[in-house]
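These are the structures in question, set out in turn.
Below are two complexes that have chain A in common, paired first with chain B and then with chain C.
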Partner chain A sequence: MTDLSFVRSDMLPERAPPANEVGMVKWLRTNLFSTWANSLLTIAAFYVIYLVLANVLPWFSGGVWTTSSLSECREVLQGEVGGCFSVLTERWNQLIYGFKYPVDLYWRPNIALLLLAFAAAPVLFFDLPRKLLLFTAIYPFVAYWLIWGGPIGVPVTAFVGILGAYLVFERFNAANFAAAGLAAVAVAFSLWFIGGYLVDMLASDDPLLTPVASRDLGGFMLNLMLGVTCVSLSIPLGIALALGRQSNLPLIKGVCVIFIEFIRGVPLITLLFVASVMLAYFFPPDATVDLFLRVVIMITLFSSAYIAEVIRGGLAALPKGQYEAADSLGLDYPQAMRFIILPQALKISIPGIVNVAVGLFKDTTLVSVISMFDLVGMIRGPILASQEWNGVYWELLGFAALLFFVVCYGISQYSQWLERRLRTDHR
Partner chain B sequence: MYHMTSMTDPHQGQFRLSMLFNDTRYRSLTYQAIAAILLALAIWYLANNLVQNLRTAGLNISFDFLRDSAGYDINQRLIEYDSQSTHARAAIVGILNTLLVSFLACITATIFGVIAGVLRLSNNWLVSKLMSVYVEIFRNIPVLIWIIIIFTIMTAVMPAPRAFRGDTPEATMLLDMFAFTNRGVYIPGPYFTAPLFASAFLNWVLVLAVLAGSLFATRRMARWATGVQEQTGVRPTTWYFTLAMWIVPVGLLLMVMGLAWEIPALKGFNFKGGIKIGGALIALWFALSIYTGAFIAENVRAGIQAISKGQTEAAGALGLRPRRTMNLVVLPQALRVIIPPLISHYLNITKNSSLAIAVGYADVTATLGGITLNQTGRAIECVLLLMAFYLTISLLISVGMNFYNKSVKLEER
Partner chain C sequence: MSSITLDHHADRSKMAVSDEVAIEIRNMNKWYGSFHVLRDIDLTVYQGERIVIAGPSGSGKSTLIRCINRLEEHQEGQIIVDGTELTSDLKNVDKVRSEVGMVFQHFNLFPHLTILENCTLAPIWVRKEPKKEAEERAMHFLEKVKIPEQAHKYPGMLSGGQQQRVAIARSLCMMPRIMLFDEPTSALDPEMIKEVLETMVELAEEGMTMLCVTHEMGFAKEVANRVIFMDAGQIVEQNEPEEFFNNPQSERTKLFLSQIL
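Let's turn to the complex of A and B:
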């Protein structure tokens, strides 16, 4: 008798999956051609991409980069498709620095921009050593001196005033927050007052850096300066407004609410009109406040109202227990805010603040409406109106769009990275 | 909200001056008094400067200039206006133009935003990536640059009217009805051959009234159908009746009044007849739509994603088909998330429409804040009026928004 029972003793090899369930084919089937409607959409999308590329690529690859006017560029092109990118190379300085900033002084804003990277780094990336923040604290004064030039005493006095105020504040802060704040303000103003006299006395006719007037600033540099200055000024102001709006002192709350709602209810253009035609009436008659400063004031007020709303959202999102815990520890209001509430509320608000910052940076182009020559103002004014480049729209507008896209997209990617970094809860 | 320590201190004898700062009963009053004094000082300082500056400049604050003749023309207008009209009327023309472009842009921005937002969630990889590219590109480039780009297309790329002339013209009209020229887009304009009222405006009001009646009737019928469905379980078929109710009354009215279309035609150096839509209006309208549409797309996507998957699965478990799941379960909940930011985007469109001044569209910023301000030199008055207008609009919209938020608020236990 033979034993007919059979037990397989070795494993069969796995069979390969069907051809359209693996690899490229499977991916295409599920992602692009799952239903007939999807296939139609895919084909339409491919057609759109083809149209865009077919128009842009030849225009870009056939581009001319070296001529000095539109007519020359057209001669070189001889009817072929191609962009006259030579407007960018020829007018590069104007696009970046404006048309009045002295050419031999371009190195000064360049260094200021380079230093900005070092000053911003410790603020943006927490892993860097905290001592670098010292440089961040000095940076505004250095940048002011580099860009505007003039007697070095002005930024030094400003810095000494702030430094004195800080030292006084730290000295008395433990005793009484409000008194320390008032003392700090008093010290700052008296130092500035004394410094003002000293600067006037010591000012030489030939300062180390040639002074440059504000109205000579322009180009993308102006956009960057307005954006950086106004964002950094409006964050502290926004925090103050948000706290004021949450305050239980009716008068302070009322003032903050009215201010925030007023600013958020009007377009930035009207505020820029205020800066250009109306604000001068509110300064003392003998004071001449230049347009740049007036615009900085109005844009800062504008963005601080938006930042205040973002931070208010962060404050409202904190659980009530945090406030109560601070109370039960016996912390007074400034301590509770500084050590318990604001660190958490600001962390929640970071994405919103970055959104406001991106929006604000885009809005700096609006200053071209009140005849300041920022990047858009330069393109629409001196460059397109010039005899050589009248009619080179796409190269210039595309360049402006690209610059803003790179900066704004970069900031929003940073914000997403930061959000992931700061997520301390376990999910 | 943060409350300062609300513990009431026991009364300790006589009032002392230091209690103003150390006693919680008086401290808030002290701080507010200090704030009030500082505020009053600041206002007094600014007002004093203003009065002095105005006196040196020989100016005063007066709104009389609004009654003076404006002396400038506005080519884009919704109401009668000529250069003899007053500055006030120029401002009203501007206000109407602002409202017109904001209204148009709100509608198209919503359409773009909803389409892009839904397509971004599509399971078609290519389409969803394409929509991400659209959103990122348009959100990260200033709207002013978009306005200028589209305005350049409208003025520098479109053919001049004379290109339409001749036996073999360089440009032709679309469907023989629409002419895209660098002076604007000409479309057929409707008019009545046998109007019931002398004024064209009243005739259109009549048409709108009939349409409103149709809306009311169809709403009534839908409610009746729902009632029947709830009692019997079967929903009566009403779509043909609804369709008829929309088409028949207004169709009859238009036939009675003899609706006809005036086709734009090339006469002399320019197109005549029909409706002319200026290039500036189109640039502003389209740029605001695609720019804000990118933001709305993000809100729509976030709103749909905010609905937990359990809701869709529950609807599936109840036997609803995907389309009904979307209509009956997901959308009503998603709208609660989508609509508040949507309304604030509408507000942004209205405020951003003030960029009209960059392309010469005569909105209120360009008339009142631009030409009128420059002609009369009444900077303070003009800017104040301008701000008052925008504030009114945004207050109205936020009142409406609060009303909506209350009406859709979740009823919680």
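Let's turn to the complex of A and C:
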């Protein structure tokens, strides 16, 4: 029998790892050349990358930027490889703003986009001072006025109505949640009603900003407007639907379940056709609901159903103990949701919500099917159909892909930053 | 079962039981679906009592204390906490919950809030206290459970024992008149069980009314003025700890004690 007893007399000090186990050499070895087969694959992969670049780079570097039609491009290139990027420079305004937005008014959407950065910042980066949210609150009305123009009374009335509703709700919320909600809705509608009369009475023939009709909007601007509006509307609506689906009240639960299941079961394109053609049947004959608004409603309803399901997943992932702890401390339902349940459920749902948001943003190109001239609509319609640029597919669609990629990649990077920022455990 | 011995011996002279009723449970019955979990429970708890509820798993002891702040609903009988009867009236339920603190087996701290925010959230929003005041009291209780230096960390960065002490501090910040403990040490390592139990002993010495579901019989002997033994949804035996452990009456109790001691 061997002696099994062992006593350590001194503790071992820490040592540096062996030299060939650190740095660049180690990285290359483990990742690119770990075995014979992997080394061969690495070399093959580099060759494929070379082939792709060797063909694509001359297309970029030999590209033509200054001609005014495809045939001129071909003359300049003389059979050499090169893209005809002139279409982008020559039709830049159309690609970005559409072909009907008045050229001398481009500064208005530009300012709206610039202000969007300031409005979105405090929402996206919550370390910024909370007072900046005041600007976020008025931004939609400012942006509406800038882009559509017309009498300033319209956005002011809309804002006053919502402000009044908010103040009434805050005033009576403590006493009774439901009654406060109803009172707020009543106040908003009566303010809008009165405001409508005042706007009609005071409207001058020559408003400060020239009005621009919704059908004159177009280009990537239209995609951005639809994307931003629909994402920011569908997240709160999705949260409400997800909570409604969990409700103990059969009526609320039933309405939410039917809504979500119906909307998810219908293709977006169908809903858009409904918006463009059929929705008119549901309104009184003399009511004209703006096409942009109808499309916004449909896309918002569509994506809110998806977001609701994503958030339901987040809610289901929370341990029951979180609800019980909130209850045991005496928090009521709105407080428990606001401070305990939703912050955690939304955090879990971030990847899913971003997935829906990115999908939504790209789906805004579907409006080209109902003859709205968004970026893709502009390319397919006025630009490719024109005599000068008939046939320039790669450059135009590549440019559209690039614009969408930049925005979607930005959203994706933001969401990853957000996930890291919200991580409170040490993993 | 329990091998934890407490260094700090409870000073029973400070634990006075008044004759003011804190909780009154009359003829209470509860079902989960068709399963009869609690049967004809009658229990009067006086202000200042420290009651340990013991029993095999599935005997309904957790359900009983969860009924006291209506995390579970009872179907028959009455539960009156500090003069307020628990009914489906949410106002009463919220009133009782703000006076009754609860500590859970799995701590249930809010992982997205710092320790200090965990402790101040309910005082600020339920008791409508100014933030500064709530923070001062939170720090006071965090010092009492001996972890003031962790105030700005998140729960995920703390050990289990520390988390459970935060959970106790969080409940205390609501200034409850009654504390419920639902197996507060069952999810902890032995070293940590001790630090949590010692916190609970100190709380008892300050005269807090406590109902504690636990398997820590050492704690029961040290602190409790009454031990309740439950089985199959009913109270089988209750007595002063000394009598309960040395001279159990029912066969069921004897069997249970022989298995755990």
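Criterion: the second predicted complex is superposed on the first by the 397 of 427 C-alpha atoms of A that agree within 3 Å, B and C clash if a C-alpha of one lies under 4 Å from a C-alpha of the other, contacts with A are read in each partner's own complex, and residues count from 1 in each chain.
Heads up, the rule we're going with is that a residue touches a chain if its C-beta (ideal position, glycine included) is under 8 Å from a C-beta of that chain, and two chains touch if they have at least 3 such contacts.
All values derive from a computational prediction rather than experimental measurement.
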- Query: Is A:Gln335 contacted by the first partner chain B, the second partner chain C, both or neither?
  - Reply: second
- Message: Contact-wise, after the overlay, does A:Asp327 reach chain B, chain C, both or neither (first, second, both, neither)?
- Response: both
- Task: Answer with first, second, both or neither: which of chain B and chain C does A:Glu90 touch in the superposed model?
- Result: neither
- Query: Taking the superposition as given, does A:Gln344 touch the first partner, chain B, the second, chain C, both, or neither?
  - Reply: second
- Message: With both complexes overlaid on chain A, does A:Glu309 touch chain B (first), chain C (second), both or neither?
- Response: neither
- Of the residues on chain A, which ones does chain B touch that chain C also touches? 327, 332
- Message: Considering only the defined contacts, which chain C positions touch chain A in the complex?
- Response: 69, 71, 90, 94, 97-98, 100-102, 104, 106, 108-112, 121-122, 125-126, 154-157, 170-171, 174
- Task: Would you pull the chain A residues touching chain B in the complex into a rising list?
- Result: 30-32, 34, 38, 41-42, 45-46, 48-49, 178, 246-252, 255, 262, 264-270, 273-274, 277-278, 280-285, 315-316, 323, 327, 332-333, 336-337, 341, 358, 362-363, 365-366, 368-369, 376, 380, 391, 393-394, 397, 400-401, 404-405, 408-409, 412
- Complex contacts: residues of chain A adjacent to chain C: 319, 321-322, 324-325, 327-332, 335, 339-340, 343-344, 347, 422, 424-426
- Note on the structure: Touching chain A in the complex, chain B uses residues 1-5, 28, 31-32, 35-36, 39, 46, 49-50, 52-54, 56, 122-127, 130, 136-137, 139-145, 148-149, 152, 156, 351-352, 354-355, 357-358, 365, 369, 373, 379-380, 383, 386-387, 390-391, 394-395
